[in-house]
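Once you've had a glance at the structure underneath, I'll fire off some questions.
Each chain gets a letter, A, B, C and D, in the order it is written, and its residues are counted from 1.
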Amino acid sequence: MTREAALVLSGIRHRFGRTLALDDASIAVRRGTVHALLGENGAGKSTLMRIAFGMLRPEHGTIHLDGDAVAFASSAEAIAQGIGMVHQHFSLVSTMRAVENVALGARGRLDLAATAARMTAVAHATGLTIDPAAMSGDLSVSAQQRLEIVKALVRDARILILDEPGAVLTPDERAELDRWLRHFADGGGTVVLITHKVREALAVADDLTVLRRGRTVLHSARADVTEDAVIDAMTGESDVGAAWRIARTESDRPTAGAAALRSGATGTPVLALDHVHVVDERGVTRLADVTLTIARGEVLGVIGVEGAGARELLRVLAGRLLPSQGTVTRPAHVGFIPEDRLHDAVVPTFSLTENLALAEAGAARGTLDWRALVARTVDVITAHDVRNGAPERRIDTLSGGNQQKFVVGREDRIGLDALVAENPTRGLDLRAAHAVLDIVRRTGGGDVPSRAVVFYSTDLDEVLSVATRVVACFNGTVREVRPAEDPADRTPYARALVGAS
Amino acid sequence: MDALAALWDGAFGSAFAIWSATLVRATPLLLLGLAVALAFRAGLLNIGAEGQLLMGAVGASAAALSLGTAPRAIVVLAMLAAGATGGALWSGIAAWLKRRFGVLEVISTIMLNFIAAALVSWLVRGPLQEPTRIYPQSSTFSASAHWPFLIPGQRLHLGFAIGVVLALVLWWWFERTAGGFRVRAVGAGARAAASAGGVDVASTVMRVFLVSGAIAGIAGAAEVGGVTWALYEGLSPGYGYTAIAVALLARLDPRWIIATSIFFGALEAGAAAMQRDAQVPAVVVQIVVALVVLGVLAVTALRDKQMAQRLAVDAE
Amino acid sequence: MVKLLRLFVIIHTVLLATACGTKTSGNDGAFRVALLTPGPISDQAWNSSAYKGLERIRDSLGAEISHIQTKTPAEFEENFRQYGAKGYDLVIGHGFEFQDAAQRVGPEYPNTIYVTTGGSGTGPNIAALSFAFDEPSFFAGIAAASVSQNGVMAVLGGTELPPVKSSFAAFEAGARSVRPDIQILTAFIGNWDDAAAGKEQALALMSRRADVIFQNADAAGLGAFQAVRERGKAWIIGANADQNQVAPEVTLGSVVIDLPHAFLLVAREVQDGSFTPRVVHLDTKSDVVRWVPNPSVQVLSKMVTDHIDGLRAQLIAGTFTLPMASAP
Amino acid sequence: MELLLLLTPFLEASLRTATPLAFAALGELVSERAGVINLGLEGCIIAGCFGALLAAGIGGPAIGFAVGVLSGMAIAAVFAIFVLVLRTDQIIAGTAMTLLALGLTGTLYKVLYGASGAALGTPTVGPWAVPGLSAIPVIGPALFRQSVLTYLLYAAVPTLAWWMHRTGAGLALRAVGERRAAAEAAGIDVPRVRWGAILFAGAFGGLSGATLVLAQVGTFNEGMSAGRGFIAIAIVVLGRWSVVGTAMAALVFGAAFALQYLFQALDVQLPYQLFIAFPYVLTLVLLAVVRGRTAAPLELGLRDGTR
């Protein structure tokens, strides 16, 4: 395997304001390979690739494309040189049609028919099918991701950078993506896969590069490393790495604890839905006749593809959505961790204390006792290891992981009897995800209060690692998934996701 | 140089300039600035303070004229109540249009400003015209409807005190109460307020709209009760629009609105002096006001930039 | 907050200290006259002729003058006070709308004479100029009716103010005195400065076959001149100032208030101390109000001009009164 | 029968009144589609009025229009510096620009023309009847006996609509207003697009002012823009941020004003204030009745660099 280097960045330094984001970061990507760029949140992965894509200009360091030194003044130049990037938070204009999003950035006359034809051609060649006329905002998450890739391919991208592509996909979709990336690389294309999920990376990559705190700490062919070595390189602390490894091991035996619990399950019901229907404002039925009980001590895992009804199910259980029909039984306070943190969980411009107060804003009366709120904020910060957290600090100055830890900590306190979590580890690094899952797991025993937990994730591994039983949403219905004889067999879950029994 | 000296003298050069010119002019701006800030804080773009002021003036005038010579305390209180009601009714139309039909308040409030001006123009030639029916204005209010002056021999009236108290109350309310916090949360992140806090966003916004209109209405009541003692057309030279700059310059902080309203009041009072004493045309005054506002904007913008750098996000 | 308040108190104290030291009484014996106008002095009508009056006072009497454009009733009062405090001898508020302010401020500054143009209030140091603007308006009506082909005419105002209203009534009475069946349309622009709206309103009136338009809308009225000039087939009549030169080819004449003359009359009396506060009636007899036919067009028949001249002579002699009540 | 005779003048007046409003509103539309709300539009209009007056007096109407456009752009450029370079609040900066322009033009007018004003001495462009087309009964004179500016508008609306939806630049503009991150990722230079959009709005605002002076009134007076900038902003909302919608909304406003003038000329014995309020009431009713999604660009009004 002596393929030449397609993209090489070396000795890159970059800072945001006073924060040094990258310091001597390097990566060498060979043509025709899938290259995983690994690191925890804040390690500088995205920054490094944004430099490669011309969105940022490095303070120091060089970029070589196919052996030639380049200096992009803008991403337009990078695109022209055959680089395409799919951002973690997609760069789609939701109010525009798919074909318009693909055409975005073109100059001169806009020939949407020709662009649509190109999309069809790409679809034929790659299997990435998107309806050109579809409104981007109406597409499912995986379709949006396909659209992003199509966008790059229509512009003849030879090098494709994907930022955390697996975070929003179901296992099947992720497998499909992996297959496709492999196919693309085999055809001579080059892929850089930014991720913090070691397994995801190892499953598909030929080579990998690990960044830690803005520096390249590991550079290797896939074949030459073990999962443990990568985790240690990423965390830089072998004890944390060890803890994570234990967590992963547990997740391989997902239903062991669940079976035990269910056999003797006598917890009192905390959350209950009785013949619940939800019809949205456009008249579409989102939940149809759902009856469900969740007892104290249970962790109900919820799986389902976009639009299958999981979103509504969680919100009805959390009391954030009133059913059109049927009755809901729930405690006065249900902790809720919504997926879209920056829009639904926190007010970015508010301080940590204000964001703590936010959780009770609807019910609060009279004056607010800020001193007590500050004290509680400090409690959450220390109890949940919110780095750089201070009561008066604006929450948007924290990293995503630390914001999420704060939100989880806040809801942990509120949801003494019930907690509903929606993709709570999305975009988090190993350590932060680990901490979040810990809280979810803490349903009973020991010194923590026993409660009912509802946990939804697009990562099946994650669901199986914490759930005591699993339900699948499909087309507005909710059905319990019976595990296979072999606990490691995922088939029942995969079938439930597509509505097969 | 003479002109600038005149500007300063006219704004702060004498006790009269301060208490009878600057602060009197600052009063409507203070109250309207609070009305605008309250609405903006809730994410509600109420551009209609102008019309709400006019309708408040109508309400207060109607109260003053119909109560005649009742005891002053009663008349003044009735004017306050009627002014607030007039303003709230007017903002209520925009609120209703928003809730019932989804009409953006930015446009409906501008339209309502024009309509209010036409309505006042008709009222002073119709139902509220003085009894000889010659002049397009109401009768002069009886003495009991004249709001008390705050300082003997000066023109500064009760309206300013109400404005200052209201500013402090509003500030306290925003900072210390659950209701105020809810409004801030709705304005800063409506979805999070609803999802994380269970706040009823729509009804919070409606309430804010009504209260904002009521405060603007009080500004109208203060203008007729404290200054003109009769209802005229052309009562406001666009206070409602200036108040937006007043509120934004204060970064929607009620305490700072006291300062920025005085700043604008001083600019206008000083500008009048520039015309009188230095014979600088009225329009130059607008240039000065604009330049001062732009200057303040530029300075704060540069300061913000430095702040942003210092707080550089440690996440990607 | 406390800090903020304290800051204000300190600034205030400092300012007062410096202000008291530098303030001059401002009374060095010069005759000082101030004018308040409700609109810009570039309107070629009401406000601009008042400013010319102020300049006339300066040039003829050597007065020190000051002018300010004011918008709101609150400003009327404030500026009356400021001029009073500065020891001005004569302060003219140009319009009836200044009369309430004069009534309130006058007593506070007994050494200043406050005069409003229009209005009816007087006091020890408060006077009003009353223009018999309806007299020349009546004549304009006669002249207009004599040239109207369609038998439809129009009056176009800025907003409906008492002098405008009574002038329009007199115009109508004059027209009917010679053509009882003539139709007269009335429209208001709603403000005094939107010239484009003035033009459109004039065009709308012309589309209703009005062929003489008597406009009284100051700056907005300029649009009406433009409309008639562009569309032709109609005459326009100017108001307040001599507007015959604005659009000479289509202007029938102007109903003029000779404000420079009027202001000078009053200012002279004030300067030599002979002024007695009263409602000063300025009419055809005192030659302050005039119907001025446009000399560049010769459409009025001798019969018509003779008729108007005859009525004018009778009016001066006191043997003729307008067939309607005079407005203040 | 008589009412029928009034139809042509009414339609004619509707279009004439709509023309300056449409120019200003189309300019504002482009700016808003790029995410910038320009409350300085009123200032651009008055600057256009004054620039047109000054230059037309020297070099004739064509020069007048050119300078009017440039004057509007000059005001817009200052606005752009504040909004895009200093990243200040758009609403305050816009308000200040309007004040500045009203003051500057008024002052210069006083200095250059004195208290006597400019009279009606400015060369103007009158209506020009299109041969043939203007002979069509009723609508012919209404549509084709207008000033050349109205014809320019006929061309500008489809051109702008085509540009916005059929060119890469138009697509880029819309993307910048909807989601600047997406535009950036696609290699679009967002500040450049916004500069272009703001200057375009200034140019069209200036053109609107020049039209008022050179094709309509023939003179200048202080504050003659008379709130048209604010009405234009309302028109953009009423037109739901589409080119054709905005042009239609401008026409609705033009018609409402024309109807107002006509009502008064009909000698109906009602308070005239009722007629003056009519266009604004009509707008409110239309906004309530014409249902549908309000489609404000998602980035509209956000301070540059806040997201």
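One rule holds for everything that comes next: contacts are C-beta pairs under 8 Å (C-beta built on N, C-alpha and C of every residue); 3 or more make two chains touch, one makes a residue touch a chain.
Keep in mind the model is a prediction, meaning the values are calculated, not measured.
**Q** In contact with chain B and with chain C at once: which chains are those? Just list them.
**A** The shared contacts of chain B and chain C, listed by label, come to D.
**Q** What's the distance between the Cα centroids of chain C and chain D, rounded to whole Å?
**A** 34
**Q** Cα centroid separation between chain A and chain D, in whole Å?
**A** Using C-alpha averages as centres, the distance is 46 Å.
**Q** Can you give the whole-Å distance between the Cα centres of chain B and chain D?
**A** Result: the chain centres lie 29 Å from each other.
**Q** By the touch rule stated above, which residues of chain A touch at least two different other chains?
**A** Where chain A is concerned, no single residue meets two or more other chains.
**Q** For chain B, what residues touch not just one other chain but two or more?
**A** Residues 118, 121, 125, 281-282, 308.
**Q** Using the touch rule from the top of the page, what residues of chain D touch 2 or more other chains?
**A** 106, 110, 222, 273, 276 - these are the residues of chain D that touch more than one other chain.
**Q** Examine which chains touch each other and state the graph shape they make (line, ring, star, complete, other).
**A** Contact map by chain: other.
**Q** Which of the chains are touching one another, listed as pairs?
**A** The set of touching chain pairs is A-B, A-D, B-C, B-D, C-D.
**Q** Show me the residue ranges of chain B that touch chain C in the complex, using the header's touch definition.
**A** Interface residues on chain B, with respect to chain C: 9-10, 12-18, 20-21, 24-25, 118, 121, 125, 134-137, 140, 155, 168, 171, 223, 227-230, 232-237, 255, 258-259, 262, 269, 272-273, 275-277, 279, 281-282.
**Q** In their shared complex, at which residues does chain B touch chain D?
**A** Within the complex, chain B contacts chain D at residues 97, 100-104, 106-108, 110-112, 114-115, 118-119, 121-122, 125-126, 241, 244-245, 248-249, 281-291, 293-294, 297-298, 300-302, 304-305, 308.
**Q** For chain A, which residues are in contact with chain B within the complex?
**A** 16-19, 21, 41-42, 44-47, 319-320, 336, 338, 343-350, 354, 357-368, 370, 388, 394, 396-400, 402
**Q** Inside the complex, what are the residues of chain A that reach chain D?
**A** 54-55, 74-80, 85, 87, 89, 91-96, 100-101, 103-110, 112, 151
**Q** Per the contact definition, I'd like the list of chain C residues that touch chain D in the complex.
**A** Residues 40-44, 48, 51-52, 154, 160, 183, 185-188, 190-191, 193-201, 203-205, 207-208, 210, 219, 222-223, 225-226, 229-230, 245-247.
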